[in-house]
């Protein structure tokens, strides 16, 4: 029931020695502290360093004549908030996905969902002249189409099988490849039209601000709320489908609702910042270091960790080759895909999967 | 009708070359050669500018009357056509060899991340030094493919489960293309606009010299393949069987991989990253002739050549004067094929 | 007698031979290639609108085909800036269409050019292929003084005298302008920058076509920040929008793209998006020295665009004087 990869055993042993409830509280405390730290650093670092004193002043005693305050409130703070919000959404989506499929390798990017969202958004921009701000609906449709595609492919592959866990990830990668090549094709037809989206395609937080968030938060909160309510059913489903049904859980409905919410969250993120990958993959593993995946503690923790992780990646992206700036999506893809590789390796080595 | 029935054999295996040609395979080969020739001729005719059949015949008949139409065909289309055929054949063969080594029908230079590795090395080369000659880019490509192959092998050498190998390859490919994307987006060199195009595989800048090189290279690789076919064939039945037939399997697995690397590296250096040809071609070929001997390699080469040729021809004709890179078409078909193929994965 | 006619005849003959032989000339293009081209080409193929086609239209050179930008669903090719600057639509010209960035080589060949003009950035790789079709020359897009590139292109197509004439008129215009508006221009700085919506950055175009050329010719200089950050010949680059205060110059120029249906206010919207609070950071804005130009009209390397920029500046100065 409690599947975890064999991480360095000393770490997990020492963590497991602490009682579960204290572990959870301790985790929350630690992570919140780290979040604050990262948040402050995030706001203070950039093309110009801003002292923490100035940051506090800008938040609590805003002076419109001082341009630094403008930078803090109107440029850096929104970026930070968007990073944390999107990270939280991705984290929760990944957590739910891994819980539902009981597969440590799934996430919205490894299921091909983000690529589908991107492709449909590009189609909307190209064929229907939709502005880049209004791509949520095509993104959602794309996410759903891609996700369902992956699932049906997995069904086909699973018919005579072993390594079921690997199949779904394989299907997801193939679907992802399909939609990215479709996107490349579309972009070749009219390079000028897509000149503005080059960075969005990799996953870019910089242009996002409060207006994007304000358009999205109702749906986001809805999806998060629904996912949290499904936690109980998902817990029961961990035991197996038959057992869950006999315990009174409507398995099909739970599956559908969870999937829908995952698609929703993924497409929300894609429509704001583009396809940022692997956050949803990494977050649940870190969360499992602290709490078991049963219950909603893991969900909350995942959101916290997700927000932290994405802000950290954004921070890294801006520092690593300063004064030049890397794009967040590139950073998360690079680090995340290496993590994915190691995960794969350890899983198969320890015969957890095959 | 047992396909392995001796009565169906047209050419028996000889001491030197193991190429038992069963009737069905023979027919398929002939048909494909015909299709390739017809495609070749059609590609000469098709293009942004219309030329007449008379001009096409003139070029084929070496009647260098050199009017505008014939020189268009000769200088602008022929290199691309030759290049596409050679590239397609080489990538297809590379795919077949990798599939034999990986014992998995999904293996392919694109899937295993090898073409991403080669592309990354070439991009790094161009970013680091502005004057890049043909030979240096080919060397960089070799380097990239080798290193990537080593990395993938290292990850999978203990566990040769087919799906796992493919997944590792995809993951490695993802890492490498993430690095390529990051590199390209953070480096803005004014006259390196073609690097973006390079990533998607284009025959546009191929001149007669490079195309000829690729054709000669293709002939070379084919010869090596044929000469060693009697050792490669048994490997299709598995490690144990091969050993029992007296073939030192391990050694030849490695050799197959090396041959695959040699087949693909110049293609990526010259044309850019075009994966999936091996996958599609071999899959189709297997379904047509029904078994996996070395003849499959030849059949998939023909199919790969035909596919790539049409990808290039359509890319430069369909939306003219907008040019679509061949690589993009192929990636599209490849991904679609992948999906269709999944019902067959498990039967391997 | 006979000797004189013989000498006359010989002279005539040698003269005519010279004129036949002098139909071509040897030039070095911006990529360093030594190319032999006709002195007066009659069928010029241009593979880049902003670097070449605009100039060719300005000097009235015989164009046989040009690269175009094609909007696919409608399949309508057009020349960027063609309508705004010269009032021409591609469909009316009868030129061959070489596609985006001149990538359709077969069309180039079919148009039978006697001179091909491409750019270093896009045509370097296929230079040899193009040279087989016709003598090919490559232009470097951002040469420090845009009129040098203009002069080169004009020379290569045999219209150097037209250029020199227009250039002379242009220089007189500049001199008069400098005198008349010395108060506003003497010793002042300028900057040309556009907001990059997709990236929360501001793109500084330090050496970018006619706009900066005209302003430099007028005697305006770069603000200190640009002097510290970029070499004098750099085309410019992107800087984080947080640094907008440092971009403050006496005169601030920015452009909007009318092709996409945008108007002057889109610049303000763009800056709001990218650097909120910018109005407080830029004294140029506060002193009404913030000028919004139509990019298609202002950007082409032609004397028409130079006039457009001068007029826009003049209007703003006169408005401020009231």
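Letters A, B and C name the chains as they come in the text, with residue numbers starting at 1 for each one.
Methods note: a residue touches a chain if its C-beta (ideal position, glycine included) is under 8 Å from a C-beta of that chain, and two chains touch if they have at least 3 such contacts.
Just so we're clear, the structure is a prediction, and the values are computed from it rather than from any experiment.
Novice: My parser should flag the chain pair with the most contacts; which pair should that be?
Specialist: A-B
Novice: Which chain's C-alpha centroid is most distant from that of subunit A?
Specialist: Farthest from subunit A by mean C-alpha position: C.
Novice: At what distance in angstrom does the C-alpha mean of subunit C lie from that of subunit B?
Specialist: The separation of the two C-alpha centroids amounts to 43 Å.
Novice: When the C-alpha atoms of subunit A and subunit B are each averaged to a single point, how far apart are the two points in Å?
Specialist: Taking the mean C-alpha position of each chain, the two centres sit 36 Å apart.
Novice: Quick check: what residues of subunit C touch more than one other chain, meaning two or more?
Specialist: 70, 72, 100
Novice: Using the touch definition from the top, which residues of subunit B touch two or more other chains?
Specialist: In subunit B, the residues touching two or more other chains are 319, 322.
Novice: Of all residues in subunit A, which are in touch with two or more distinct other chains?
Specialist: 189, 198-199, 325
Novice: Tell me, which parts of subunit C touch subunit A in their complex?
Specialist: Going through subunit C, the ones touching subunit A are 69-73, 100, 197-201, 239-245, 273-277, 280-281.
Novice: Subunit B touches which residues of subunit C in the complex?
Specialist: It comes out as residues 70, 72, 97-100, 103-107, 109-110, 112, 120-122, 124-126, 128-129, 132-133, 141-142, 235, 237.
Novice: How about subunit A: which of its residues touch subunit B in the complex?
Specialist: 149, 153, 156-157, 159-161, 163, 166-167, 169-171, 173-175, 177-179, 181-182, 184-185, 188-189, 198-199, 202, 321, 324-327, 330-331, 333-334, 337-338, 340-341, 344-345, 348-349, 354
Novice: Contact residues on subunit B for subunit A in the complex?
Specialist: So the residues of subunit B touching subunit A come out as 155, 158-159, 161, 163-164, 166-168, 170-172, 174-175, 178-179, 181-182, 185-186, 200, 319, 322, 324-325, 328-329, 331-332, 334-336, 338-339, 342-343, 345-347.
Novice: For subunit B, which residues count as touching subunit C in their complex?
Specialist: 47-49, 68, 71-72, 75-77, 188, 190-191, 193-194, 204-205, 207, 316, 319-323
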